[in-house]
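Chain naming follows the written order as A, B, C and D, and within any one chain the residues start at number 1.
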Amino acid sequence: MDFPLLSTVLLAPLAAALAICLLPRESRDQIRMIAAGTMTLATVLTLYAYAAYDTVEGGMQFTEEVPWITDLGVTYALGVDGISLPMLLLTDVIGLASVFSSWNIEKRTKDFFVLLMVLIAGVTGTFIARDLFIFLLCYEVVVIPIYIMVLIWGSTKRVPKEYAGIKLTIFLLMGSAFMLVGVVSLYIAAGGDSFGMEALAAAGQSGVLDENFQIFAFLLLLLGFGSLLSMFPFHSWSPDGYAGAPSAVSMIHAGVLKKIGGYGLIRLGLLVLPLGAKFWAPLIAALAMVNVLYAAYIAMVQKDLKYIIGYSSVSHMGYVLLGFAALNAVSITGAIANMVAHGIMASLFFSQIGYIYERTHLRSVPELAGLAHHLPRLTVGFMLAGLASVGLPGLIEFVPEFTIFVGTLSVYPVCAFLAIAGIIFTALYILRMLAKVLFGPRVERFAGVPDEQGADLVPLLLLGVFLVGFGLFPELLMGVIRSGVTPLEPLLAQLSAAPAMLGGGF
Amino acid sequence: MDFMAVQTEILILLLLLSTLVTDLAMAKGASRRPVAYLTAAGLAAILAHTCGLYHEGASPVFYMGLFLADNYALFFKQLFLLGMVFTVLFSLDYVERCLPHPGEFYSLLLSALLGMCVMASANDFLTAFTGLELMTVSFYILVGFRLSSADSGEAAVKYLIVGAGSTAVMLYGISLVYGAGGSLDFAAVSRNVHLFTAVGLAGVVLVMAGFLFKLSAIPFHMWAPDVYQGAPTPVTALLAMASKAAGIAVFMRVIFTAFPYLGEFMLPLLKTIAALSMIGGNLLAIRQTDVKRMLAYSSIAQAGYMMAGIVAADYFGMKAAMFYAMLYVFANIGAFAVLSVVDAERGGTSRRHVTGLSQAAPMLAAVMTISLLSMAGIPPTAGFAGKIYIFTATVERGNLWLAVIGFVMSMISVYYYLQVTKAMYRDLEPGEETLAEPLPVPSVARAAALVSAAATLAIGICPESLAVLTNFASQTFMQ
Amino acid sequence: MFDFALTHAWLIPLLPALAFLIIGLGTRRDKDASAKIAITFSGLSFLLALGVLGAVITRPIVMADPFVMKTLWAKVGDIELSMGVLVDPLTAMMLFVVTTVALLVQIYSVGYMAHDPGAGRFFAFLSLFAASMLGLVLSVNFMQMYAFWELVGLCSYLLIGFYYYKDSAREAAKKAFITTRIGDFGMLLGILLVQLTFGTMDFVELKTLLPTYIWETGGGILTIIALLLFIGPIGKSGQFPLHVWLPDAMEGPTPVSALIHAATMVVAGVYLVGRAYFLFSALPVVLEVIAWVGGFTAFFAATIAVTQRPFKRILAYSTISQLGYMMLALGVGSLTASMFHLMTHAFFKALLFLCAGAVIEAMHEEADIFKMGGLRERMPVTFRCMAIGVLAIAGVPPLAGFFSKDAILAAAAEVSLPLYLLATATAFLTAFYMARLLFVAFFGEVKPDCPAQETNAWMRWPLVILAALSVVSGAWGHFAGFGEWIFYGPVGEEHIDWLIAGTSVALTAVAFYLAYEIYVMKRWSAYEISRRLGVLYRLSYNKYYVDEFYTVIRNTFVDKLGAVLYWFDLHVVDGVVNGLARFTGGLSGVLGLAENGQVQRYVAVFYCGVIALTAYSLLIAAMLLAVVGGAF
Amino acid sequence: MMDPFSLTFMDVFRFATHIGLAHFLLLAAVLFAIGLFGLLTRRGLIPALMCVELMLNAVNLNLVAFNRYLPMPDLSGQLMALFSIAVGAAEVAVGVALAFRVYRDRATVNLDDLDHLKG
């Protein structure tokens, strides 16, 4: 390892945060430029890593290892494989887009970008960590900046932003409390000498951790990752939180942070506690099905754009959960791909909603109409995101969704059937929203609203490129993910051979 | 009679005397800043001196094993010294403005410190008791030191009444243990089989009650909120970190040297108390609007966490508790440094008083947030590493439920810590604009706050250094 | 040259896609340039399609041995999702039809959209549609077909909603998308089951795997798969009960109606069944379902068309009806007849719609046929083309419709008498309402303020070409051996059953006569007749209240249920969360009550703790005593 | 340990006439309890301090009695009692000083009235 690429990607935002700290409050332009420059650098490096990743060889690449806390067995170990690399890419792309989405923030600009950079660094860390301690550390680092950002730059709609912020924070932290217990007991049970994910996974798969323990520990992890992934009934923080948060936070939160839940379930739940995963999978599948339909139904009666997308993302996370629960190579590939797809799509949505809100201070569907007349670019952004979330081919969501369906239908026929029915409801609420907001007669009130240009256009272009690019050439995404999932196949085969315990066949 | 064993105490005593003399020598009404600088410089020098006292092998003992200057004691003494130095520094301005007779204030701080150091080194009940009382009586006065505030007097009286009651209980316990164990020496007591009789066991629990009072563990916590709230802010800081740490120091030594064979008997008790403290402290803190009072409840919960480390009853747990005690010092310094400045400038420590601090003094707000997050155990602050140490030790001994309570309650605690953060960071409402005006922050206090926050982050990111120290200290003790 | 076309068949969808990109990213604002680009690329695509047709004929490529090229699109697990081209006579015919109609419609649109500021966007969408439809036609597997199936649905959505500022257009677009989505849901399930059952979605592979599978395991699951797959065509091809979107889709610009909602996209469902006919034909139950759905839809839609007034809506119901015919043909086992009718229908229905466009444009967006009249004189070319279209669809020999419809009737007669009767009745109704349309709009007096003028050349020439195709395609297909070219199973005998043909021609004549008497000679009052028919008339006029039924369903099962669930979310799920928070806060308050400031209370609590501890220690001591014995 | 039900009159008599360790312990316990009772019930600050003093003296009695009656190696119990007396004195001194201070602030030394800090 010559150049510490991942460390650079991880630490660059922190360095930027520090640099911004040292600037005077008034130099807003420099602050923005630093943030944008740093994120561009990180994105370019990540893209390089994505391109240079050897999918044939697979496994952890770009690894870095420095012993850190020896008496706990913590190592500063970074690395990416086919599962984490797409997530890393997602993080940096959305991070970059969110910087531009926040371009026009004039209120306490300095504080905002410091927090945003810390947030991005935290999320980045969770995906590239190969050590559980670092994973947890980075994850929890993220929560507090979000709270402060909601508090200062958030907006009060259905619920006060203070409520939304604290709900989100406490919910996630409560989840992480269970997760911490799970992780600590895991660490002890595996011998208490290493937090390294590979070491723990080896312990889990070789039978050092007995089945009862795995079942128990997985439940704890599920509580943590499940609430992060807004699994029913732990989802209620998510729409409120997104509605309260400034758009950059919504973007990162819906786009990336939520995915830590799915990523963690695979990285820890499946790899370290395979028997636990096997035990709880049917329950997860049932809840996933509820997620898909329940949230879609609720999204249908929402008025606030952010609530619609909030519930929509709860609904989409149901597919991810379902993919996970089916525990086969295809469905898990689909789950990972779906996380990427939803990340790009949801953050595009939030950036566009953010733009509307910034310019009109309106977010309620009944109050908006006919924006297509005045804001054609925004319309394109909205349509792209909307159509992607409907699952149209040529856009990013199609192949992942299809993959999940293929992977799950044979395992959980009923759940999958109902979840697939979700595509109808998704179409229903998305199209209703698009129709109402974008189309219809010209409304003179919006005549003076300028269309997106300059920095405002960047999120649309950036996310749009990935939305369409991965849609038209899914192998760019699926190839990398496949190299990450292929090593799991023996484990998954072993699992599927074992009988289901919690009443299979939902 | 190895006087080298008591060199730290002797130095502190000398410093104490010199502050008294200096104070007397100075003109009436003159600023007592020189005394403060003398105190701080002297303490810093002693702290530097103690760094050289860590040793391998046998520890120096003073007078028939009454007083043991081992690495364990040394660690805690450094902890007290550290807390004291920072407190003196960040409260310079506060003391000058809010307290009468600042010279005597420093002398009393030093006598409390002396008491703590004696406690840390105590190797029999007599020494422990003496140290404890030296500290406690000094604190009675310190708590009531803010003559301008009636609350301060009330707090002192309450502390005195409850504290005297607890002293009586502890003494009664000591007398029973003495009767059963036939000695006041820890090691001698531990060897006496009569400790397992009704008298012996009753004595043991009464002694423990006395120490638990110092730790303000539930149900011996009732005094803490009132006293913390009423006391002058620097004194509150010391109560929270140093007094508590001294309690922990002597408590652990008593448990592990005097009653080492009583594990089966005591552990369920201690676990219950730890759990109660974690739950009760955090729950009670939720409704508080005064930050100092909230920190009092929070300190009850912190005592619970440290006890959770102690009940692991092994080297790891002890190390974890020591680690936690140390990082708690830094967290407290940060929080109270900010509070002292706010208290001095705005005349109070309620949430109302810290409102808008992120604009009035962004650095202080950041330090406050970091310190509170460290108490809550959110990374990358030291508290996270501390909690991981404590609860890995706890889980390792099979007490998973304690870890569940600990983690869940610490997340609940984030709620009330964030209420403070919220007050500092939220948008100001109309009519509150004055709160955004820059707050004059004394440079020494600023430096102290910054250093503590930096230390909190440094320990959080790189816990190894401190862990090595605690390892070393606890190992020699366990031999 | 033909080989070049064949090996570059993938360019056929790609060229219009390219046009979409160029227009979308570049020339969107420049109407003329956009039109030129769209037409150029469509033209190239048309030429390639002709080349492919040539290759299929000359090589020859037969149904049993298609030409296949494919490339890996994405690989998940061990499932390979590929994209590619499959060329056989069926494909070639479809390519020809689609590219021809698309090209003509685009030319027509130059005239039609001349004054619309959004013309650039229009051409972009049309190109995208052509690309998607051609991709669908060339599909090598179910996944590809589903992908393009969705894309044509998208284009349809975009084009129906082209006049996005009109509420009705916006609603119609939404309705179209969602209704077809319901069908897609079934189809997606079917496709997934195909993949799970056979481990492949490739048409060629499936075709070889299927017989063994049926032989080994029977048809149980296959029947389910096929029925699920068929839900897709029900949605897309406007079969009952998912036909409701198609009449509303006429909100789009008329060229769109011609291209998408008459000639090409709506037949995608028929094409899918045709493409997967190896599967459907192996399952008699499914075939029966298809036949009855088709037959019923054909008749049902025809009865509605009889009473409608808007020009395009009549044509829309006519389309539904004709699609029903095609399904019927498939259901009774004649791929040939179905595809034949598909082709002829594409030409004459496109013709009819383009005529409709011309008329409506000339009438300044007036759509009600009873407000027209005498257009024959004002728009002679349009009238002649329209007449040809009407005669063709009515099945008057020797126009195209005669041959294809006759083939269907003959096939139906072979299988089932009720179906045959249903189809014949439909034929009668078709002739009647088409005649009604023609007579009401084009005959009679010219209304006083009628603004109609003959259309411009851009619009006229495509009409003429389509009219010519409507005349010759039937005879050409019949005599050139369509049935030996596109078929499944044994080669069908190409002959005309004179009894059946005679019956239908006679019925057509009667229908024309009746219409003439009612609407031109006014011998009987149309109003009187409708009044006499009473309920039947109202049912037909109100489209059997299917829309209203769906509205009720949607209101109760979607919106109301959504509201209920939202309530549940707010008050139960969130209620628990908030309740827990409130409980914790409340607990804090209650516990805080102990802290009342009274120091003696504090001391008391302290001593309670001490007493509890002491009691515990004494208990332990007693237990120790009991175990060990001895005394202090 | 004696079984209370098998106590004879002689046992009671012996206990009443032969003063030993048990008597001192009992006395100390009673004194302690009295002090505690006073601490909990007396409303004045000064009486409360006196009660604390009583409790401390009970402990001293204990220590001295143990040292006298049990075979102890040294005089540490008595030593402890001396320390305890000193500490008690210090506490009372501080206590009285605080009483003055509180009286100056609040014009009362009634413990019930010192309830500004609560909640």
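Everything that follows uses one rule, which is that a contact is a pair of C-beta atoms (placed from the backbone, for glycine too) under 8 Å apart; a residue touches a chain by one contact, two chains touch by 3 or more.
No experiment lies behind these values; they were computed from the predicted model shown.
By count of C-beta pairs in contact, B-D exceeds the other of the chain pairs A-B and B-D. Computed from the mean C-alpha positions, the centre of chain A lies at a distance of 42 Å from the centre of chain B. One simple way to say how far apart two chains are is to compare their mean CA positions; for chain B and chain D this gives 29 Å. Distance between chain A and chain C, defined via averaged C-alpha coordinates, is recorded as 35 Å.
Each chain gets one centre point, the mean of its Cα atoms, and the points for chain C and chain D are 96 Å apart. Within chain D, residues 36, 39, 48, 111, 114, 116-119 each touch two or more of the remaining chains. In chain C, the residues that touch at least two other chains are 592, 595, 597, 599-600, 603, 607, 625, 632. Annotation for chain B: residues touching 2 or more other chains are 157-158, 161, 165, 225-226, 287, 412.
Contact between chains, as defined at the top, is found for A-B, A-C, B-C, B-D, C-D. On chain D, the positions that touch chain B within their shared complex are 25, 28, 32, 35-36, 39, 45, 48-49, 52, 55-56, 58-59, 62-63, 66-67, 70-74, 76-77, 79-80, 83-84, 87, 90-91, 94-95, 97-99, 101-102, 105-106, 111, 114, 116-119.
Residues 358, 362, 369, 373, 378-380, 384-385, 387-389, 391-392, 395-396, 400, 403-404, 407-408, 410-412, 414-415, 418, 421-422, 425-427, 462-464, 467-468, 471 of chain B are the ones touching chain A in the complex. The residues of chain A lying in touch with chain B in their complex are 68-72, 111, 133, 136-138, 140-141, 143-144, 147-148, 151-152, 162, 166, 169-170, 173-174, 176-178, 180-181, 184-185, 187-188, 192.
Of all the residues in chain A, the ones that touch chain C in their complex are 167, 170-171, 232-233, 235-237, 294, 297-298, 300-302, 328-330, 333-334, 337, 370, 372-373, 387, 391-394, 398-399, 402-403, 405-407, 409-410, 417, 420-421, 423-425, 427-428, 431-432, 435, 438-442, 474-475, 478-479, 482, 485.
In the complex of the two chains, the chain C residues touching chain A come out as 72-79, 81, 143, 146-148, 150-151, 154, 157, 161, 164-167, 170-171, 173-174, 177-178, 181-182, 184-185, 188-189, 192-193, 195-196, 558-559, 561-563, 565-566, 569, 573-574, 576-577, 581.
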